[in-house]
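Next come two complexes built around chain A: one with chain B, the other with chain C.
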Partner chain A sequence: MSELPPRTSVKRWLVTTNHKDVGILYITTALFFLLFGGVLALAFRAHLWETGGTGLLADREFNQAVSMHGLLMVFWFLSPIATGFANYFVPLQIGADDLAFPRLNALSYWFYLFSGIMVALSFFQGSAYAGGWTMYAPLNVPTYTPAMQATTGGTATILGLALFLISVTVGTVNFLVTIHRQRAEGLGLWNMPIFTWSWLLTAWMMLFAFAALFAAALLLLSDRLFLTQYFSTDQGSGLLWGHLFWFFGHPEVYIVFFPALGIMFETFQTFCGRRLVGRKWVIIAMVLVAVQSFLVWMHHMFLTTINLEIKTLFMATTIGISLPFDLMVFALIYTMVKGRVRFTTPFLFSLGALVLFILGGITGVFLGAVVLDYEFRGTYWVVAHFHYVMVSGVTALVGGLYYWWPKMTGKMYSETLGKLNFAVYFIGFNLLYFPQFLAWETPRRVFNYAEGAQFYHQLSTVGAFVFGASFLIMFYTFAKSWVSGPDAPDNPWEYSRTAEWAVPSPPPLENWTGRPSYASGRLEFVDDSAAATDGGVAQGEGKAAEATVAHEEEHADHASIWPLGIGFGTFVFFLGLAGITPYVVQFAEGVAETVEYEPTREALSGLVGVAAEPNIIYPALTLLGIAIMGVSLFKFGVEEFNVPEPAIAERWPFEGVDNTKFGVWVFLASDVMVFGAIIGGYIFLRLHMGWGQWEKVPFASWPGLLNTYVLLTSSFTVILALVFAERKNKKGLLGSMLATLLLAFTFMGVKAYEYGYKFSHGEYWWTSIEYSVYFVTTGLHALHVILGVLIALFMVYRIVSVDAYLEDHRPVEYFGLYWHFVDIVWVFLFPLFYLM
Partner chain B sequence: MTSPIKPPKGNWWDQPVNRRESIWLGLGVGWALVLFGWMSAFTRIGDQNPIGETYRVTEDELREKVDAFKDAAEEREDGAYVPDGDDVFVVGQRFDWDGLPVVLETGREYDFHLSSYDVQHGFSIRPEHALSQQINLHVMPGEEWVVPMEFDEPGTYHVLCNEFCGEGHRGMHGTIIVEEGSQ
Partner chain C sequence: MAEIRTYALIYVALLLLGTGKFVFFEFDQYFTYTMAMGGTILLAVTKSLLIAGFYQHLVEEPRSITYMMGVAVFMVFLLAVAAGYSIQ
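Entry: the complex of A and B
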């Protein structure tokens, strides 16, 4: 579209879609959230100076500080800084020009930034979420949060989390398409650089794990905003949340640790001057961990009432998952043994990370045993253990920052300062966390401890400040390098062999001069324009000039303002939603005064505590947000944005589909997970109550059956649309799209009739758990239908205005895939809600 | 060495494993299985914290049961309950433990009925002299968890809440007073 302004211009950073720029934005923002979460940690560490607290924080502030420290560090620092590295270096390592969908990449960044702002703002809306980072039910519903005087603030935190999850999903789809479909010629999966491997597995884990958390967040938000009852009852709510949260929560550990591991592998290879020992087995081990990570979640629930047989099973999978990590640790150690080590700053950080990870990993194995967990859980043993693991990841990530700093900025940093940084970091780290092992009997989540533990806690607090200071040294080192560091060569590390070191520091906008290729077994840059003209000098000047022109025309776009627009609109929309609850409460209380149906009246008293005061700003923001989103999405849709798909690339095993189609499939896979979690939640709650005791909500099965027919017919009309598009028949295409729309409206009409019938009998979504589940699940499906309708309307507009899809019918197919998915979901919902 | 990052020559990963290495590997695997079996078996038959059984319960039923327990128990001057039989009810609510304080005897096995009226709480027992954690369980609304427990040493045991339950979480506390048993 427009030209990309220079890096010194603010405008550049608002419109850029280039993967290197977005990477830098990610890394910078993540470092900001590191400071944010770190300052919270310093505050409560200072408060813990003596038992009972020094009075620095009130009870509620302490709860907020520790909850938000956990949330910010895990979601807004650890994952995003790794995403930043991946953004910058994965395309470079695989020889791609950019990510597959550059505008979506910018969009996921803006979602991430605004989600962070949203969470920060929640501190100013009564109180940020204060019930622990695990957000256990039923403490997480509005009935209990008014006691924290924070319906709005707490809701804002969770909305921020949901926005972050959307950002992750968008980013994940993008990375999976990029890595699977845009690798340079000859770069098979086995030969892929190991950081890219770790990120590929991270992305696959994120796709499924974050979808489960997204489902949980949606249900929680429906409880908080609309007063449904998923997590507010004593009918299995607590366990349901536990399952949903930890199904995400355990893979999350590897999601944050894998990129760090990838950096450790890369730096060990570079600074030991030695190929990673057992490289193939390391990759196999990582794949194993990625799969197994979804089979261990219940070890976080050993203290709940789950029966012993299942706990034992999960004890086995948990102990088992440590084995592939042993292999990786030994691979790293043997790489050092076999190589010649150079103790540069990045290597020191990676080595430090390895040492800390070994300690953190071993102390975690104890927690895998059920009976030991009874004793350890909820103590500082756990706190120390997972900080040793997670912050060992941070250590490697800081190492990555040093490793890639010359590449990203073109400047060298001072090794002396870097080593000083490492020394202070390592001492501070151990001073901070090791005493927590010694004071392990201290209970978590309170600030009282036995007298004897005071010395250790004071050591720990001192350590926290030393550790914090090491980051000041880091920022100083980088600032100094930025201002007055010597220029970095292309490859300052000598033995590094991944492709990012074969281009200038910093790399040019288009990354490569010539097409990177591994066809000969090593990295080469092929000049395709010369090859096209047979490379002959005799061909004359004219033809070469033509080829250049043709190349120019294919020039990729790098600037679009609309990702920012969509991100901002969604932010405003979510900010508005945070304060909707009081209006819903007013509505529900109005209903309760007139309604005759007894349960609807009774249920309300249990659901509504002291809600926040209604504030007209919030509904206004909601509407404004929808408007901004609408305009931006439309502009985004009609914008001309050229992203050439590489003609030659290694794509095994996905040669058969194009980028966008693969992206749609990947997105649908995550949506399957969302619906899977929500339908799973329904089945869980129903089994908990007793399958037969569950009240069937729809008044009859015929509307469901009718809607099944309607939707199946609409699948057929979508296929017709595709056929007409292939035949370049505009009328036929238009007609079948309109027929699809008509059927969708019919579906919505029947749905509205059903809902209306229920409301007229005084039955609402808060009436009982059965009603909540029915309205939320079918409502989420209806939301999918509405989104489909919006897409279809846009497509109809494009057909009428610019004769779209006649030349290239593929978008009709993408829409068809989505629409079929929505229909298939209904085919599951119909029997589950209407017949059983 | 032309380039140190080239893989070593030949199928170095495919060479036969030394016999002594195989023996050690075998021993390692065997020992791992023994440890795991031990760990699992100890949960069931060892002298360990027992697991107990869970029953579904509504809040009203639970309140009735706790009231019945308190009525049947003898109430001492200091407000502590001396239970009538072997059943002890401890139910969390924001921000205290219903059913506590309670007076128990050493050497006698009690059935602790653990649950919550409102949100999830953490039931953590710590003896006063060391404050070391003896056991920690999640108590959840709607579930009555019956866990057999026996105290070996007399003294005061503190019951803390170990999961966030709201603003007053820090002060949620009860005591179990254990006296020398008559047997």
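Entry: the complex of A and C
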């Protein structure tokens, strides 16, 4: 841990792990990607001025612009800007000093930034991904996108997405641990501020939904990098992608919308001067939506060959999910009715969001009905509905930006400019998207449409530019405020009641001067120091905190360069991976010349010419990235960085475990979903083919049984390591860890023998779908073993060098949790692949 | 936290259960494919519960962690079963 440089220093932003700094980084980066995605949208809207296109974009450029607009807005703008708000305000709202794992928080951000850079660079590597933001199979694999001879850029886009998903997973674990285990004394879940509630539910949805997408992305990357066949067969590939993508995709709508909803609830309360009507019912309704969001995904697949019974079931669940939303909408309306509305800029944006959401919600009900969906699917009706919902969220998020701007910057903005911004925004938005309902018969993602629809498209294009201009006004308003705006008080809004308004604007680095507590029923700051012998000093309105601002610049806080190092290393590694496909194709073509096994030769015939020319820079980048990652991870591991858990905090329902152990469990829950989705993918493909028709790939079942014994034994040695660590027995601990390593290497050796046996018989991962599934699933498991080996090697180094884990044995237990999980996965892989 | 003896007994049980799966499919003169599959799934679930419960000490952790992991497993089943049913 080192000194944190002042905010005027560039170094500060590279080493900071403070939640408010990271929040600002998230918000500014997300706004950059808003501009990026927005410019792409303006480009293709201009192209759509006349049917057949104006010629502004070439055909392929149009496909790229449309696909990347969707991907950038959904993944790199919408979710991250909400993450930025959550970073800044959730710890403040719950009375925490920071997130539970500040370095991991910084790591999440760097993964996010580099994933965005990766996607931006994909435009310069032949072509960015151009198969639509939903990445439907088989358009998502090079074999079926013959125009895309240079696949490097498309692969780079998908790798960027994978890196983003890693960022989300790390961030999700952090937020769940923080909200569940670091709430101020007396702050029960029911009383948590509603924005934090919305973010808590968002994080839970993200944990499971993004894991499914990560599984899908891993399989797609396996296809694109190593030529496996998951999404290029006629044996259920398209449906498999649909299930995996939409299992993520529908909850994603709420993942994006919930934080916006939370901002709407907060601002309605503040500017109506009244507690939200039916607050507890609103929370229950949000919980219901979070649960139901995982029960509706197949309504996105009504036009596929899934059976009518399941379509009917999902139609019912889809209609069901609108009910809790009705309750929330009425709660907002009644809050206005019961309160006295103050039409400030944040409120106007929130009110606008409500109006747009009602329109988006109603038009979505049409798509939830099977028969109507047959007509509307794939048309501009979907485009318009989708944007009314998602950009309703953006509207509330912009409202959030105005609402919290004085708190983040310490400056007030011009209300006149803010209201002008809203007026132009609202007019522009409706001019852009409402005509698309009228031109609904236009097929989406193409620039040829019926002549009769041209007027509506031209209105839409004009609306796009008006809408774009509203963001220029927004940036101008904020810039003017930043440069010459009056200073903001601690609480510029009369009726705001959440804890962030009880500290100075902007808040000091350490947030509080005393310990926040709600034990008395209202927010107080308790002095836990020895001087306070009267049980604590209440410092209402946070005035005492002002004194700390002056010390901010010299305050020693959590600073670490290694999250940036790991992020950069992973970026370089992924950038290198983007270009290795040509080498794999070269290898496969070499195999084709010698191999006698006919299925392998046949499978290769479809791969000719799918890759770009090999470029040595990519393998070099891959190796460089591994080296940077290795060094950074090692330094990260040995860095002294202590984040003590708060001594007094509300932790229901996760008392009784420490933060790190709970974090490991949350991560494992996510990994259960990743592995489960991949194993589920295997079962799905096998069912699609016919269970008995599936070819068993391993040459015998005994290697699987042998590896079962090996892994079980390694689980036993890991548990012995924990026992020895508890007994402070260094030799026993070291011996157990070394035995675990030896068993892990044995496991890998047996796997290598199995794979080698297959290769020697001309059977490879691209030979057929059965081979792809076998090699990818067992390979992913082996990758987990390798990661475990790396952790174990590091731990052995620490035991030898600094007698680690004898005083505090918990890291051995955390490692054990991971290792036993890897063992449990094998418990299922062995029968599924070797016996059944 | 349990004694080494308990861990060792669980280890032996895990080895036996692992072998049981192999036996189900190896001796197909005694077990039909369906029986072998059902038995194997049962053994695999038992093994997982033993590992999670005693090696990962889930039995000693707050019940909420068990529920969380249960939700994760339920999500997997939801996806796999619903997707599988959708193509029947």
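Methods note: the second predicted complex is superposed on the first by the 801 of 836 C-alpha atoms of A that agree within 3 Å, B and C clash if a C-alpha of one lies under 4 Å from a C-alpha of the other, contacts with A are read in each partner's own complex, and residues count from 1 in each chain.
Keep in mind that, in the parts below, contacts are C-beta pairs under 8 Å (C-beta built on N, C-alpha and C of every residue); 3 or more make two chains touch, one makes a residue touch a chain.
Just so it is clear, the structure is predicted and the values come from calculations on it, not from any experiment.
Scan A:A450 for contacts with chain B and chain C and give back first, second, both or neither.
Once the two structures are laid over each other on A, A:A450 reaches chain B alone.
Is A:L239 touching anything from chain B or chain C once the two structures are fitted on A? First, second, both or neither.
both
Could you say whether A:V382 touches chain B, chain C, both of them, or neither, answering first, second, both or neither?
So A:V382 meets neither chain B nor chain C here.
Quick one: classify A:T305 as touching chain B (first), chain C (second), both or neither.
So A:T305 meets both chain B and chain C here.
Scan A:E655 for contacts with chain B and chain C and give back first, second, both or neither.
A:E655: touches chain C, not chain B.
Who does A:T708 touch here: chain B (first), chain C (second), both, or neither?
Once the two structures are laid over each other on A, A:T708 reaches chain C alone.
Which chain A residues contact chain B in one complex and chain C in the other?
Comparing the two interfaces on chain A, one with chain B and one with chain C, the shared residues are 236, 239, 301, 305, 307.
Show which residues of chain B lie in contact with chain A when the two form their complex.
Residues of chain B touching chain A: 4-7, 13, 36, 39-40, 42-44, 46, 48-49, 51, 54, 58-59, 94, 118-120, 122, 124, 126, 130-138, 140-143, 145, 160, 162-171.
Can you list the residues on chain C that touch chain A in the complex?
Listed in rising order, the residues are 1, 4, 7-8, 11, 14-15, 18-19, 21-22, 24-26, 36-37, 40-41, 44, 47-48, 51-52, 55-57, 61-62, 64-65, 68-69, 71-73, 75-76, 78-80, 82-88.
Considering the complex alone, what residue numbers of chain A touch chain C?
The touching residues are 208, 212, 236, 239-240, 243-244, 247, 294-295, 298, 301, 305-307, 310, 653-657, 662, 665-666, 668-670, 672-673, 676-677, 679-680, 683-684, 687-688, 701, 705, 708-709, 712-713, 715-716, 718-720, 722-723, 726, 813, 816-817, 820-821, 823-824, 827-828, 830-831, 835-836.
Please give the residue numbers of chain A that touch chain B in the complex, ascending.
Within the complex, chain A contacts chain B at residues 59-60, 62-63, 67, 130-132, 136-139, 144, 147-148, 233-239, 269, 273-275, 278, 280-281, 301, 303-305, 307-308, 311-312, 315-316, 319, 339-340, 369-371, 374-379, 441, 443-450, 495, 497.
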